[in-house]
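Common to both upcoming complexes is chain A, partnered first by chain B, then by chain C.
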Partner chain A sequence: MRTKLSEIKWHLMLTAIALILIIPIIFAISNSFKTLSDAYSNILNIIPSNPTLNNYLQVFSQLPFWRITLNTFLISAAVTVFKTVTSFLAAYAFVYFVFKGKNIIYFILISTIFIPFTVTMIPNYLTISSLGLSDSLLGVILPQLSDAIGIFLLRQSMRSIPRSLVEAVYLENVSHIRIMKDIILPLARPAVISTGIIFFINSWNEYVWPVLILKSQDHYTLSLALQTYVSQESGTEFTVVMAVSVMAMLPPLILYFIFQKYIIDTFTLSGLKG
Partner chain B sequence: MYDIKFQNVMKAYGKNVVINNLNLDIKESERLVLLGPSGCGKTTTLRMIAGLEEITEGKLYMGGRVVNNVSSGERNVAMVFQNYALFPHMTVEDNISYGLKVHKLDPAEIRKRTDHAIDMLDLKGLENRKPKELSGGQRQRVALARAVVKRSPYFLLDEPLSNLDAQLRLHARKELVKIHEMYHQTLVYVTHDQVEAMTVGNRIALMYQGVLQMIDTPSNVYNRPANVFTAKFIGSPPTNIAEAIVNEGKLIISGQNVSLPEGWLKKVKENNCDKLYFGIRPEYTRITTNYTENAFTGIVKYIEDYGNKFGVYFEVNGTEFISVCDENVPVKGETVYFAPDYSKIYLFNHESTKSIGYPEG
Partner chain C sequence: MLITKKQERNKRNGLLGYLLILPSFLAFAVFMFWPLLRTIYLSFFEWNMIKPYKKFVGFANYVEMFQNPQTYKIMGNTMVYILILLVLNFIAPYVLSFVLSIIIKKGHNIYKRIFFLPSVISLVVGSMLYLWILNPVSGPIAVIAKMLGQTLPVWSKSEGLVLVVLSLITSWKVFGYNFIVTLAGVSGVSKEAVEAARLDNVPMWRIFMDIVFPMSSATGIYVFIITIVQGLQYVFTPIKVITQGGPNFASSNMIYNSYQEAFTYFRTGSSSAFSIVTMVLFTILLVLEFKFVEKGVYYEN
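So, the complex of A and B:
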C-alpha cells in the first residue's frame, strides 16, 4: 500500500513536469495554424478559431525553405556521423587498449566538456576563416568532428560489457575492427544510437556557431531562418515564427520517438554503472 | 610437442607480486588441475597461458617455444571462462561456430564440427536460442562446445563448473573427462574445489599466495602432502595439525607422549629436526573409550552430526583434534584414547613446514 502511494506521488509529479515541458510545444503548434489577429486576441486557445495554412505557405514563399532544411540536415548528419564514429573509436581504445597515461589522457579529454563554447568560439572562427571556409557548410562542420561527451557515454557503455567476452574473441586471433563489428557494436548499439541522436538534435538546434560562419541565405540553417523572422523590425510575424518552429522541431522529434527506448536505456545505464 | 613450461615466472601488478618464481611443467595431453584458495594466483597462471596476462619476469614455453610475446590469438588455445563469456547477441549455433567462421574454414567443415559438438554436448534443439534463454547447465555446455570445435591442442578451463548446482557439476565433470579422452588436448583446469580437482586431474598443482605448494597425482597430494598447507587444504574436515617434539624415540604432543616407530625415527634423524608438526587426517584418527596403551588421552568437547558419520572434537591437554567416527561414538565430556596409525601420519619440519618425507614400505 505504501509503495502504491509513493508511486502515485511520483506519477503526479512526473506528469506535472511533463505538462510544463510540453505546453510550449502545444502552444507553438496551435498558434502556427492561427491568423495573426486570432493569435493576438486568443493567444491561449489551443484550438484555432479559423485554422489556416497561410503561415506555412508564407514561409515557403519568402525563404528557400527546402534548401535551408537540406543545409541543416547535411550539417547535422555529417556532424552526427563523424562525432559518433570518432567517439566510438576513442572509447574502444580507452576501454580495451593498454597504454601509458591512459587515465590521465581520458580525464583531460573529459574535462574539455567543461570548457564553455565562448572560449573556443573565437579561435575556431579565426581558423575557419583563414582556411577560407567562412560562409560554407564545411566551415560549420569542421570543428565538430569529435566530442568528449560521446567518448564518455560510449566508454561507460563498453565498460559494462563483460571483459571476458572480448577476451574470448582475442583467443580467436581477430582484428580490432572485426571485434568492434562483431561484438562491441551489437552490444553497445543502444548507446551508439542514443549518442548519435543527442549529437543530431544538438547540431540541428545549434545557433551561435552557424550564425558566425554562415552569411548568405542559401547557406542558412533552420535556427538561422527562425531568427530572421524574430528579429524583423516590421512587427514580428508571430504566427509565421511558430510555423517555422514547428517545422524545425519535427525531424528531431520524429527521430526521438523512433529511438526513445535506446536513449532512456543509455542514460539509466550510464548512471548506474558510472 | 604441446607441453607447457613455466620457468621462474613472476607476475606482479605494480608492486603487488601475485605469482612468485613459478616453475611448472605441464605434459602434453595431461589433465593438470590448478587448485588453491581464491586469490592464490591459479587463474592468473591460466590467463598467462592464454596470453591474457603479461608475464612480468621469467619465461613461458608452449610447445618448446618461448611465448612471452606471442599474442593470445597466435597461441592456439581454447578456453572456457568462468562466466562462460557467451556472446549474448548470437544464437547457440553462432556462438559455437564463431571462431571457425572468423578463420574462414570450409563451410562444410564448420557444419560438421558444429553438428558434432551439438550432438556430443546434448544441445540439439537449442541451436537457435540466445544464451539468455538457456539454463546454467546448457550455457556451460555451449561454452564447452565453443571450445571443443576449435580443436586446439591446449584446452584451458577457468572454474567451468562453479556456477552449476552440485548434481549438474558431477555430470559435467564426467563429460569433460570424456571430451578430453576423445581429443587428448593438454588440459589445464582451474578450480578451488578439491573434489573436482581430484576427479578431473591426472596431476594437481596446489597453489597458495602465488607459490606452487605441491604438484603430484591426486593420491599423493592426499596421502603424502608435501607441506602443512597441502595437508590442511586437502580433505574435509581438514587434517589435524599439532606442534610436536621428538625426544628419545617418543613423539610428544602437549606433554603427552607415545613411542614413534623405527621408520619415522630414522626420517626425523635424517632431517635433523626434533621440533615438528604432527598431522593426521580425521578419517584415520581412530579413537576409543577403552583404555589403550601408547595412546594420547583426550576429552571430548563437541560432536558434529554429518548424517552418515560423526565428527568428534577432542582435546589433548589443550590441543584440539577432530576425529570422524561412524560407530561407538563417545559422548561429550568422556575420556577417549587416540593411538595414531603410523602408516597414515605426517611429520613436517617446524621451521619450513615442509614434510620430512615418508618412511619406506
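So, the complex of A and C:
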C-alpha cells in the first residue's frame, strides 16, 4: 500500500514536468488563433473565444513568408543530403576497412563535437565572405557538409550488422558500391533515416550561423524572421509572433510525430559509447 | 587461392578507405581544423576584420583578457549557467530515470516521448514563447501572480535572475535528450543487484548512490560533459535573442562574449583569445573524462 502511494506521487511529479514542457507549445498554438484583445484579456484561456486566422494572414503580408520558408527548406534539405551521404561513406570506411591511422582519424573527427562554435566562426565567416557567398543560402550550407555525430551514429548502427555477412559477400568479389546499396543501406535504414531527420530538424532550427551570414530579408530563414519580432516585444503583435512561432515549429513537430520511435532510439544510441 | 585474392583486395581496400573518408575529411579540414589554426593565429593579433594589416601583439590579448574585471564577471556567469544546467539537465534526469526504471517501472515510453518533444523545437521559438509566457506585465504567469497579489520582477533586466530564466529556457530544450540518454544508461543497470539491495531494506538513496550511479557512470559522464559543452552553446540563442548579454554583461557567458567581441565590437584578437581559452577549458573536461574512463568506470554496454 505504501509503495503504491509513493508510485502515485512520482507519477504526479512526472506528469507535472510533462505539462511544464508541453504548455509553452499549447500556449503558442492557442494564442496564434486569438484576436489581440482576446489574447490580452483572456490570456489564461486555452480555447480562443472567437477564433481567427488573421494572425497567420498578417504574417504573410508583413514578410515574404513563402520565400523564407523555401529558404529554410532548401538549406535544411541540402545540408541533410550532404551530411547523410558523407557521414554514411565515412562510417562505412571506419567499420569495414583496414587502413593506417584509422583510429586516430576517427578519434580526431569525433573530438570536434566538443569544439565550441566560437573557435571557428571568425575564420569561417572570412572564408565565406572572401568566396563572395555572404548573404547567400550557399554560404550557410557550405560549412556544413559533414557531421561528426552523424559519422558516430551510423558507425554504431553498421557495427551491429554481422561482419561475417559482409565479409562473405565481399569475398565473392561484389563491389563496395553494391554492398553499400544492397546490404548495408537496407539493414541500417532506420538509423540512416533518423540520422537524416535529426540533420534536417537541427538545420531547420539553426540560428547561430545563418544569423552571421544572411543579411537581407529575402534570404532569411524562419529563425531569423522570427527573431525580427523581438524588437516589437512591447508592441501589439503578440498574437502574430505566436503564429510565426507555430509555423516555425510545425515541420519539426510533424517529422517528430511520424518518426518518433526512430528518432528516440537513435538519440538514445548517441549516448552509448562504442 | 582465396587467401591471395583476399590479400590483394585488402591492399586496394586501404586506398578506397581513405577515399571514402575524404569528403568528410575535406569538409572538416576546411571548416574546422584550418579555422581552428587561424583562430589561434588571430588571437596574437589586433585586427577588426576590415583593416588590410593585422598588428602582431604577442600575448597581449590574453593578458588583457585576464586583467579585465569583466572577464571574471563573465566567467562567473558561465559557472552559474553550468551549475543550473547541471542541476536541471544532469541531476534531475538521473533521479527521474532512477525513479522510472527502479521504482515505478511503468510509463517509460509515454514520458520519453513527451519529454523529448521540445528538443525538436528551435531555441529561437523557445525564446520567443518564454519571452511572452514570462512577460512581467501581461504574460500568463504575471496574470496568475497578480491574482495572488504578487508582481513579477522584470527578469530580463535583473542581474542574477536573468541567468536563471535563460537557463530555464535552454533546459526546456535540452532536458528531454539528456533524459532519454540517461534513462537508457540507468535501465542497463543489473536488476538483480538492485532487487537484492531492496530485499535487504537498503534505503533508496543508498541504492542510487552506491549501485545505480556507479554502474551507469559511462553514460553519466557523457551526459555531464555534453550538458556543459552543448548547454553553454545552446544558451547563446536565448542570450542573443532576448538580452544581448545585458544588463551590464549580467547574462553574457564565454561563448556569447566571443561572439560579441567579434561581431559587435569587431575585436577579432580578443574574441579569438576568449574562444581559445574556452576551448582549452572544454578540452580539460574531456581529458578528465578519459582519465575517468581509464580508471575503469563501469561500462554498461
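Throughout what follows, the second predicted complex is superposed on the first by the 243 of 274 C-alpha atoms of A that agree within 3 Å, B and C clash if a C-alpha of one lies under 4 Å from a C-alpha of the other, contacts with A are read in each partner's own complex, and residues count from 1 in each chain.
Here, contacts are C-beta pairs under 8 Å (C-beta built on N, C-alpha and C of every residue); 3 or more make two chains touch, one makes a residue touch a chain.
No experiment lies behind these values; they were computed from the predicted model shown.
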Checklist entry - In the superposed arrangement, does A:Y170 touch chain B (first), chain C (second), both or neither? => result both
Checklist entry - For chain A, which side has the bigger count of touched residues, chain B or chain C? => result C
Checklist entry - Regarding the shared-chain residue A:R159, is it in contact with chain B (first), chain C (second), both, or neither? => result neither
Next on the checklist: Contact-wise, after the overlay, does A:N124 reach chain B, chain C, both or neither (first, second, both, neither)?
Outcome noted: second
Checklist entry - Looking at the overlay, what does A:R67 touch: chain B (first), chain C (second), both, or neither? => result neither
Item to check | chain B versus chain C as contact partner of A:I183, first or second or both or neither | outcome: first
Checklist outcome for this item: The intersection of the chain A residues contacting chain B with those contacting chain C is 170-171, 173
Checklist outcome for this item: Note: in the complex, chain A contacts chain B through residues 162, 164-165, 167-168, 170-174, 178, 182-183, 186-187
Checklist entry - Which of the residues in chain C end up touching chain A in this complex? => result 2, 5-6, 9-10, 13-18, 20-21, 23-28, 30-32, 34-36, 38-39, 42, 49, 96, 99-100, 103-104, 107, 111-118, 120-126, 128-133, 135, 138-140, 143-144, 172, 175-177, 180-185, 218-219, 222-223, 225, 229, 232-233, 236-237, 240-242, 255, 258-259, 262-263, 268, 271-272, 274-276, 278-279, 282-283, 285-286, 299-301
Checklist entry - For chain A, which residues count as touching chain C in their complex? => result 6-7, 10-11, 14, 17-18, 21-25, 27-28, 31, 40, 43-44, 85-87, 89-90, 92-94, 97-100, 102, 105, 109, 111-127, 142-146, 148, 151, 170-171, 173, 176, 201, 204-208, 211-212, 222-223, 226-227, 229-230, 233, 238, 241-242, 244-245, 248-249, 252-253, 255-256, 260, 263-264, 267-268, 270-274
Item to check | Complex interface listing, chain B residues touching chain A | outcome: 50-52, 71-75, 77-79, 81-83, 85, 87-89, 98-99, 102-103, 146
